[in-house]
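Paired with chain B in one complex and with chain C in the other, chain A is shared by the two complexes that follow.
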Partner chain A sequence: MEQEIQIRLERHDGVTVFDMHGDLTAFSEPFLKEAYNNANDEGARKILLKFQESAYINSGGIAVLIQLLAETKRNNQQIGITGLSEHFKKIFHMVGITKFAKIHNTVEEALESLSGS
Partner chain B sequence: MDLPLGYLFRGLDDDQLKRIAAVAREVSMENGEQICREEEEAKDLYILKTGAVELMTKVENDVELPISILQNPGDIFGSGVLIAPYLYSLTARCAGTGILFRIEGSALQKLMGEDRDLGCIIMTNLAGHFLARLKESRQEIKIHFNTLLRSYR
Partner chain C sequence: MGEEREMVRMLDGQTIEVSLPNRLGYERIAMETSASFARIVGFVSDRIEDLKTAVAEACLNAIEHGNKARPDARVIVTMNYKDGVLSVSVVDEGEGIEEFPEEPDILEKIENLQTPRGLGIFLIKRLVDQVEFNKMTSEGHMVRMVIKMRG
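Right after this comes the complex of A and B.
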């Protein structure tokens, strides 16, 4: 069974980090929406989605993520992803998410890439 | 044998559970091992004892979408053994070396035929499980449609 997602917002070097704990499913939508709205209220231009390596992301979670990526694209925001297990890095490549968000191996690498751009 | 209690067998009495346990066999699984494949004939029901199993569905060009991860003792997959046309609806792959209980579909159906109360409880539990999955699928469809609609505006 999946664990409900919890999202904490942090700011590092001009990047808003979504520190996500738990699994991402279709039912995560309101939580991710709320986090995104809060980030937008604070004027976020660069966003990093930080997953735990143990996180499980099912097809519903991928749908929620695609919805978020579409929104960030519309709002000309930059977005990166980190913390994924090798399994989900592969899946994200297969479904094309990497065309809209860069996947980074570490938080440091992600922050350097986003804040430097 | 102590069978971990999954959603399918909730509400069965001790005697009924003993009869289910009597037809269950322990099998080991290795990480990455495919246990059953989508659209294959469903012959066995599986109950997780230890380890983890990921359920996937094939999209196209060998792209598989993750549907669920089973990690708790008692988690069940392979319910296609109970419903015609008796095919597995998802592919199940071992995501962490462990042990499963395997129950032959024919043996389970025989028990359900001999004890109608047992059969009724199992099918009621199965219906509840499918309803929860249907709600989740509908939620996913709504999200996709929302994304599509917003892309047109």
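Right after this comes the complex of A and C.
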């Protein structure tokens, strides 16, 4: 029942977008790691994590995300998040992810914020 | 535990039992069953989302920690609705939670001073109205969560 998250990288306005389809769980780790390595190879400075509103996200997935945020902090990269349901926006706030990554309501808003900074 | 059990069964008109194989990913069955039950009895969407996450997290703890990822173990989730109150118990074959994880600190986790794990219990406490951990029963270790319908 392991679900493979599909992550497609796109570039918009100097921002590398991780277009993520599927669920964020502990199983997502190798896929997120690979996407991040690819983004780094392309010299990404600004990253936007784009979720699907229907995504299932659990604490295992949040742990994987926290590890990614640790890397981006170390590498002085900027991270934004978009596409989350209202429920998971709340969860991300509770856990404190918003101290390290801004949550945006739309992709447009996110790109404007990231590329403008 | 170990006897044959249907995965989902109604125990009575207001009680549903879900028996899960001890595999990551299967918590979603309990999560969706509890969501359907909550929807039927009239909970609003945002409360249902809270319930889903709490149930999933309790099952994940049961699978990984309570049952120590043993493939032959099972997680039994029982949900009951009465008088505006939905209670969900998650039972694993373990001995209970010996040491509760410390309150998660995102900064410490980012700085690698705290394990990135341990968020399940934190989320459960914040999402449901009441939770009891470490209730030992004849079936094993139970976590019991209560979620009330708001007026």
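The working rule: the second predicted complex is superposed on the first by the 114 of 117 C-alpha atoms of A that agree within 3 Å, B and C clash if a C-alpha of one lies under 4 Å from a C-alpha of the other, contacts with A are read in each partner's own complex, and residues count from 1 in each chain.
Basically, contacts are C-beta pairs under 8 Å (C-beta built on N, C-alpha and C of every residue); 3 or more make two chains touch, one makes a residue touch a chain.
Keep in mind that this is a model prediction, so the values were computed, not measured.
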| item | value |
| --- | --- |
| Three-chain arrangement built on chain A, chain B and chain C clash or fit | clash |
| Touched partner set for A:6, first chain B, second chain C, both or neither | neither |
| Touched partner set for A:29, first chain B, second chain C, both or neither | first |
| Touching partner for A:63 - first (chain B), second (chain C), both, neither | both |
| Which of chain B and chain C A:99 touches, first, second, both or neither | second |
| Touching partner for A:86 - first (chain B), second (chain C), both, neither | second |
| Contact residues common to both interfaces of chain A (with chain B and with chain C) | 1-2, 25-27, 56, 58-60, 62-64, 66-67, 70, 91, 94-95 |
| Residues of chain B defined as touching chain A within the complex | 57, 63-72, 75, 136-137, 139-140, 143-144, 146-147, 150-151 |
| Interface residues, chain A side, partner chain B - complex | 1-2, 23, 25-27, 29, 56-60, 62-64, 66-67, 70-71, 74, 88, 91, 94-95 |
| Residues of chain C that touch chain A when the two form their complex | 23-28, 46, 49-50, 53, 56-57, 60, 104-107, 109-112, 116-117, 119-120, 122-123, 126 |
| Chain A residues within the chain C interface of the complex | 1-3, 25-27, 56, 58-60, 62-64, 66-67, 69-70, 73, 85-87, 91, 94-97, 99-100 |
